């Protein structure tokens, strides 16, 4: 091992220079015989990258297409939006664009942010389950003190509550915070760490703890996140006109409704994180364009699609994203291309994360409508050749 | 709606030109007042982008840092690797780098690709459950015919088997294919579509079908994918020396083993997609750098960490990624920056997807080791002030 | 501890006598001051109880009511059945009776047994993942040998296949058997044990194993059992006439269909083992009456309800029980009251377990129809006072 | 259908007589040719059965064996207990007895009831998600009013809180109650129904509701119940002496600890409701003997086993049952044999349900210890012939 050369690094700010990046590219060329001219082609200023990357060497260039206009009737997002999607998957932009057009023609998407919660989830270990339980009760009674301590570390974060689970003699906790326009993972780690240390000093219990007992569940999908959010819990809904759907998507609303039942059962059978078509596609592409943490796609893609066939034949269609992690501050949101895309969406400045959350949810609705209809139309067109419409079964 | 202007598009190849992209940027500036100089700064050639994006307007620049060297003793990846990670999350590269160093010092990572499976999962509906079951049996008997038809559409794809589930009068199917160096989602869609049409023409049963019954489960985590793969099922493992861990990571192997138990229970409690620390981070960053489909991070982050404390005090540590979707052909792998990064890893050309899968798994192992130890060390350092090591409980 | 008196036991057959049972009741009376006249009131012959219970002291008397007639149009169960339900929960029998009446009036229940699988799931540990994988391939190639060895221990059991999962360096296996009219847990344990020992002697690999790696999943609900059965995979379905439902249950078929969507989403949100109303009630009561293993209710209650609104306004309704463990041989099936109940169902003698499985599934369908409608009618009746039917939303 | 004879019923109290039961048995004999002498052999008084069964015809006799003494150091259960287990599965009583002996020799089982919650979970549907959310906030503010109304229907039940989930435009609610010594399903249904009606009359929102949105999750295992209880959340734990385990169970504590890791991963892979060996066995048998609702085994068997190897070589072992539904009042608890068994446990009269919960949890711990060790010993004995103990791997 010792003989394998290490990638060159410089001290401190010196490592965040064009010179350092170029040196690394040249060094990699020496080691591997691969030149990196495209990786080395960028407009981002290396000096701005501390906090975003270590050992900066260049960039990945990911193509962006814009889809839209998408009409959103949200509480935060209001109007027609052009949505930047960074992707390398053909048809993705086209499919979302198609869904957006139909949604907009049907009057647009209504969006609602229901709640926000970001957490750190330490686990405490006690002498026995009884101590774990009793500490938990003590904690409830001293929640105001804990809140004061935790919030002393942050200007923005607010400790909402602390959920508790006694398993064996361990107490698994979920400290739930609101974190404003930031995703907030670091903010809540710091706040929770300080709260934990305060608890160790002041609570009349002996315990050990780890800062994470794995129920956060950070960078992971989980039923826990589906139930209790990690990020924002957002709903997008629209009422789809039967004629518009027939004309634009080639499907009937009653067939969409029936297909929903089949997809619900498929998702249940598979033990799926989402009963809809492909939320992850829109989320990943929009996250990438706007500087969100790409790994958070895994929490964020969790979702529940619901539909209802109304008496007038129109189809009410919705997607609920219970664990959508978005930020308009911090992370990659300040990088040049990402900041530009956020500005196109009007998501710069204070209080815009809810707006971004609504845009993401509306975008997902567009994509799920488009793909859901495509899967269905593929069947219905061909099936008509052989199976008549009048037979009550099989469908 | 009608009044809202639509994003300019041109016909065919004309839309994939620098001119078209510039026109869109200018048009967006007009509509939103936002200039896109950075989005417009790229070296990718627009004419190469059909199949990757529609309405190309520019790029997202995502910073890349390299971590390594990472010693891998795989069947496909052998040697020391410098791993490109595209991310906007500070400390990510540093954390993976730290884990890679320890793993390499401990002799490197052993990697094993166990199987490959990409699927399309149509659902067939019959007169009743009995017909669904009987068709299923007929299908088993005619698997060779179906395979022949399905494989006629592809040079590379091979239909391995078809899993069946009768639910009510529906038959949910999973057509499992190997797809060589491609991720293969489109390949298997086409093959399965043709097979379905053949079945409708030749099977002595009446049915309707949809091309997806939602158990693929495409762009979604699921227990199904955990059990039956979507992509590759890969294992990375290493035996960690007690002294090296103490020195480099500040933790004892017995504490790592104990913490694993606590994390296992946390993951079980949360209903998590992965019982380890943060596989999604490394996967997302490496996917982004190498042109993988970012949305596939959701399937790919599914995983199982296992550990064992050996009699000599060393710690055997492993991560199993049962649903890792990687490609070295198609998708974004041919884009300029992405192709460069694949070349640095020696993952260009035929037969390199298994190699890339091994590199991803080894990278995830490095990150999970590094973060797992960090969480633990944070506790142990501080806990020592108050709690001695000799007390049998609480821990 | 040593001073606490132990419950009296006798050697061998002497312990299975009326005398031994009476002695224990008297002894318990001495220790606790509680007489057990009712527990001591039974007609079962103690000498027949080896293999059913140790330390026989008396019986639990559980009231039985019969529900029916239930018309079943199965492949094994054909005709009108009077179904014994042993329960202490008021309204249970009445509710199932109501459902059975409606189903029978609508033409009865069609039932289909799709497959059978009982398993033992050893876990093998190897030097590394590669050895685990390679052993797995060797095992596939030698499946006929393993089958021969495993089946040498049983007259009835047949080894169908062996599923494999490489996790870390462990290989988790599921040996799947058909077991005729027996539930078969002991049968497959013995067969698998002998197969494992043969493998250790003959396979050119070094490994350790445990007879269960916890993926059986014995006496536990699991997604694994939902997907791959433990016991029988059975479907019950019926087409419900709109007028009969309105008259008998006070609900409209279109409302049942709509409520199904809502229940599907609820089950998905909750991470439930069954998306229907209360399969466990009918299963537990019928299991108890017919000598099934009560603990197997947990595997057996797993289920998927599907519905469809047909063009003529009738409602197609089904329940799929993928993991239903029933027996007409062995276990408690030979006990006096239990055998009587099996005889009432015509489920004595060879080849009747499939028939019993169909009866259980049809019974579950009756109960789910009845309770599902009751929940709905409670709403609809009252909701009509305030909310008219003509409003397109909310529902 | 009309021709199929219906089971004879009488009006009101007349149906709950020995005469009515005898008539039904005779009638069944006529219809099916099966006599029911054993079913007709009982000491329960038919006149006491309203509320427990309809159409009483006789009983199922289920053999009872007692296991114990089991030393419990609970907060409610204190001392040595003889535990009645009603079962038809051979070795079950013997296995629990073995585990109880070891636990008692090791000082007994510490038990802790952490919380209680029984729920009814209506679903409300609104005009849109925004109304659903806003109603939820209104509900939080008027929780005291709702509590007053709900509790007006019950002497014992207390409404603790109401959990909320906005999915689409539906609001799924969980009304959580404590219900004293009763299981409480009916109690909370009535209370919640009245609360719902009050809400419809008084809340300034328009909505429809169903009394259950399927997240209760009644008679079903669910991740929801694992997280938020249905019944009682109870922990049983014990510290096991290394020498006693070696002598009595033939296993070493370090091997138990290692096997736990393997079982944890197996449970995670399988998506299991319980990561331990067979909680459902003891729960079902004890439920049956003491008049609990047998169908509630499905909620109650959910559980988490945790273990820890202590520095002195002893093994700390625990089981957490987060959703254990027990009652000492109502349901089948007053039936003759069941009441006798409750009296043997000292679980008659007010305030004894917590005691019963502790006894169940301690019993489960005994069974999981016994079976866990048996699985392991089976391996270790045989494995020693071929594989030495000194090899660091494979294990």
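By letter and in written order, the chains are A, B, C and D; residue numbering begins at 1 in each of them.
Here is the rule we go by: a contact is a pair of C-beta atoms (placed from the backbone, for glycine too) under 8 Å apart; a residue touches a chain by one contact, two chains touch by 3 or more.
Keep in mind it's a predicted model, so treat the numbers as computed, not measured.
Least step count on the touch graph, chain A to chain D: 1.
If you take chain C and chain D together, the chains in touch with both are A, B. For the pair chain B and chain C, the distance between C-alpha centroids works out to 37 Å.
Rounded to a whole number, the gap between the C-alpha centres of chain A and chain C is 40 angstrom.
Chain A and chain B have centres, each the mean of its CA atoms, that are 17 Å apart.
Along chain A, residues 165, 167-170, 223-224, 227, 264-265, 267, 269, 271, 275, 304, 306, 316, 393, 395 each make contact with two or more other chains. Across the complex, chain C is touched by residues 223, 226-227, 239, 258, 260-261, 264-265, 267-269, 271, 275, 304, 306-312, 314, 316, 390, 392-393, 395 of chain A. Of all residues in chain C, those touching chain B in their complex are 75, 110, 112, 114, 128-130, 133, 165-170, 223-224, 227, 233, 235, 237, 271, 304, 306, 316, 318, 320, 322.
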